[in-house]
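Each chain carries a letter (A, B, C and D) given by its place in the written order, and its residues are counted from 1.
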């Protein structure tokens, strides 16, 4: 099932950019958690165009979520939680000219070849709009995580090649409501100038997003194929514009020596009948060793490619294989940042919620609470 | 199932470093493909210690594979293909001192906390030895891929921070039998010197591996969560030492403009009743757009962390949470390169075989060959 | 995922009896099939109360289905097909008295113990209303099956212990629009009298439903665990009131000798390069041998328990474990027949569509149409 | 994956009748359980030819199991538990004449059509020998279940149309070591006479097996598609000769009235902060209501068809579609009873172990033991 993610806590999504709407079904969420539409809406609002920063389009979408099942008297019932977000403000006409054209950098060509036909309006299923359902599903995962003491944040650390860390002190947990979801306040005017220049040139920009999860207990993740970092890489790379996923030291690990990269273990504060996770003097591992969480913060960086819908003319072909010159109109973002930030946060939350439930079995049997 | 990979073409593995052996079961392989032990053994031999280059340990393992089922009169029968590789040459005594210690950079701590106990001999299930079963399973996937015109190669492009491309012309398809599986011949003496120096210092090195698949038909990969790049990232990141996965332009995409990054489409050579994949003037996409293969070569880079088993003393803790000084003896590799190279090739092959079978359904129904 | 069925053609459902509505997502349906709401509505109408026969409740539900995604210009796009059926005509008040009571024969107790809480309105997720989403999903499967030459029918062969076959000649394909979906016309007045008597007595009745699939190609079904009959049994037993599933000769097989039960093979009419399925002189196997379809009609019988909501007083307990006398009011069916008939047809269709797509891979590789 | 069963506690099997051997991999078994080869061997011995009763063949197979992984110092480690049973005493020559023939009642035809080729020696993958891997996997599930207070038994209640209950008092828990695994001692001579007569006539017999699980906590099973009875039906029907699965009252439910069939709830003995399962005055439900266990014994009956390998001549066809007369030689069982009895016990255990682990998540989150 390509439209489902997770084995114990599962999100299945549906919907296209210009159909009736988009939505999803969360299956496997335990009962008894407080959940309402407002909680989900708060996360959804963060990915709205124009929520933060000037890199967004001028479209206005209300993106109002409706819960359809699985919640009774304010609590999850343990049964599937379905939600729907109706599409609004659709200018299908903007896309009619693109029906037979394949836009470079887009999924148009792949869909036409894979399926023999495609819903060409606004990207159809391959539209960035699809990610709203991930954010809604992720909001439900965040509720489960919060109940278990886990928090997730995401922020932009780089835009158009300009790293935020050179302009101010990192403040990842303040990023959510900051323009561009930027790592620091000081870089914002620099990024604004950069974005404005790209817009004038009819061009677009890439960036880097950093995701962090705190409070993740040691022991999550499965050996071999479902290592925590492997499933996180799957989750994050499944978001359209992501071209690289780096865990902890990431790409830099290739240049380091073992004596530098190994994070020394220091004695844990508390002890117990079960072994306790140690302190770690550094965190090159990014909170994951051998595919299993170490108790240290989980830190992942994602490289985001520039938005492929550019205003300057491009060389392309149509479905018939004929060369064409393409000019993309319509309203488009300059950079996937900041709108992609809550999406990557959501995918991280979905992964952790799934891994948390998969690990429960182990403890329950060991501790006789089956 | 954490020990299974793939939905249509599935590999399930088992085994520890120092038990009876390791092995696996491939389920979903179509019938009628030529397969024998020699084909699998050839791939396995490439990951043996000492096969190529001096970065390997001085251990000698015969790693002889035995087919247990699923092949009759030299052809696959469509039923599960099981294989077993017996463990040999085990010095369990080398590890006895490590039973209660947690080695930095290793999975020891995570396993102890996750499971409450662990097989401490040679890393147990978290041993690099586990990857032999992946290579054997991948060899079966390669047979299926070859029957469909797809080839996969892997090579080392960087070791200890020294990129091969600065020393000679890239020759990825000649790499398999070259020391270090190096991208070019010329870099080998440089890497040898580097490896020798690290060995003398009791230290270890990281590197970068490049995987390429040619002949992949356009249209593989599923929208949304099982994008081809997402599943590849899952597959590759699930290999122990990998800290970053980059598709096509990867990390560089973050610095590029849309007008640079978009790969222009050029008219395809042939035409047909179904749309044909265009030529692409460049391949920043790495052969995947919107999660679906474009027909261009699929190119992925993986950053490999330095081997955590270093000879110099390290600060650590034991299961009881007490501070200890740790000295790791035994025979260890200096760098995961070249032995990790065939493992990453295998994981790529397993991913592509799975995606190929998942796509078959679509065509079969459309073309009435159900 | 307990709310998903199928591995290649998947239906995920959601919804409770008295929430916003019920619905589902079909994932894996190939592109290019003609589909609209009317096709789905036609199947849904067959399970409406009062559609056929007098065994139904006097409730009136419009059960109008809305397609939310996956269809463009009248054709499936290959992406998830979501649908929603809004709840109407809800008398939640009817059930308020049952909040703390556990009705014998119902899922109330199990939900309360499993989840610690439950949506008690009309059975919540365990309501028979949930099956409407199965019928809608099954209607989509039927479209795929029809494109491949497979048809599915279902009918009632027994009600309240009275077998239809003793009253008239079997006519399974005429059953769909007949009262009670009865196997023959002649039994209808007998069943009507029986139903009326049960209603007067405040009691309820069971029955037997027969499902038949024609045109199923030989070769569907997987060896070992996912035998076609095993997956059918799973599918059919997952419908609330089903207590027994019998394939072909079913329960009678236990009394037969091998020489009676074996279906003799007769030469097939046509021949080809691939082996062809033989004629079979009898069909005790019910169209399945060794878990794989034989090309003969697939025939399954399901025993249906009497509706547990009876009007006569019952002994029960409440959530606190106290003894209570229970009187169930509200509007209830006398027998699950005929409303369960289209549900069992739908589950059969979902199973066959899934198995058909799983088998495609095999042929596609063998015939080079990958 | 057709060769895997279970979602949380998973068994993957491989192997053919006449290849190197058969075996399997159990994934998802919690760590810390006592397990050794003797425990598995004990269950395996029960399905050996000639273990109990005279219905078995005169073949002698040692069926010795070897554990390959997942157990360290006598305890499960939480990682995959692989086991292998080498094939011995193979008379492949017995089957050579059957290479191109399709035996009525067997899977030969289906395999040839599905795969285009087949391993014809002794039934290959479709051989009853495949079930030894299920019994070994089930033995591991039984260890988990025992740790959670659940026991499973299976016995024969009917053979060749003669029900045991007419000859003596039912004693299901004494059946395991009794000839035919019979429900009572008294029926044994009757069944022996029947079996001898069938053997003389060159014919074979069917029967009925009853499975019972005690100590299953209320709350296991998932709503909708993965109801406990649905997954049990899947598990049991996946065993070759099973033609019907009946839960509790089963086929009889169709004749009963609601007032008869409903099991009255009586107050539970103990109370607690969570709702407690009531006593039930009867158990027509067979321990499952709405797909969820009630705490009462789970009771299932399986109808077993007569062995299709009969000694009398049969009409059949060959791969080329030509009519042939078939005479089956070799050593064959007269009835699948008693050898199928431990197989059905094993499938029940695998289902319950899976459901137990799937339910753990719910409690762990609710009780804060994540």
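Rule of thumb we're sticking to: a contact is a pair of C-beta atoms (placed from the backbone, for glycine too) under 8 Å apart; a residue touches a chain by one contact, two chains touch by 3 or more.
Keep in mind the model is a prediction, meaning the values are calculated, not measured.
A.B. asks: Weigh A-C against A-D on C-beta contact pairs and write down the one with more.
C.D. replies: The comparison resolves to A-C.
A.B. asks: What's the chain with its C-alpha centre farthest out from subunit C?
C.D. replies: The most remote chain is B.
A.B. asks: Hey, how far is the Cα centre of subunit A from the one of subunit B, in Å?
C.D. replies: 25
A.B. asks: I'd like the Å distance between the centres of subunit A and subunit C, where a centre is the mean of that chain's Cα atoms.
C.D. replies: 38
A.B. asks: For subunit A versus subunit D, what separation do you get between their C-alpha means, in angstrom?
C.D. replies: Using C-alpha averages as centres, the distance is 45 Å.
A.B. asks: Residues of subunit D touching 2+ other chains?
C.D. replies: 2-4, 7, 13, 28, 31-32, 78-79, 114-116, 125, 223, 358-359, 362, 366
A.B. asks: For a test of understanding, state which residues of subunit A touch subunit B in their complex under the given definition.
C.D. replies: These residues of subunit A touch subunit B: 1-5, 13, 102, 104-116, 125-126, 130, 158, 160-161, 198, 203-208, 218-227, 229-238, 240, 243-268, 271, 274-278, 281, 284-286, 289-294, 303-310, 312, 314-317, 319-323, 358-359, 362, 366.
A.B. asks: Which subunit C residues qualify as touching subunit A in the complex?
C.D. replies: 1-4, 7, 10, 12-16, 19-23, 25, 27-28, 31-32, 66-70, 72, 75, 77-82, 84, 114-119, 124-125
A.B. asks: Using the touch definition from the top, list the residues of subunit B that touch subunit C in their complex.
C.D. replies: Per the stated touch rule, the residues are 7-8, 28, 30-32, 78-79, 144, 147-148, 217, 223, 356-367, 369-370.
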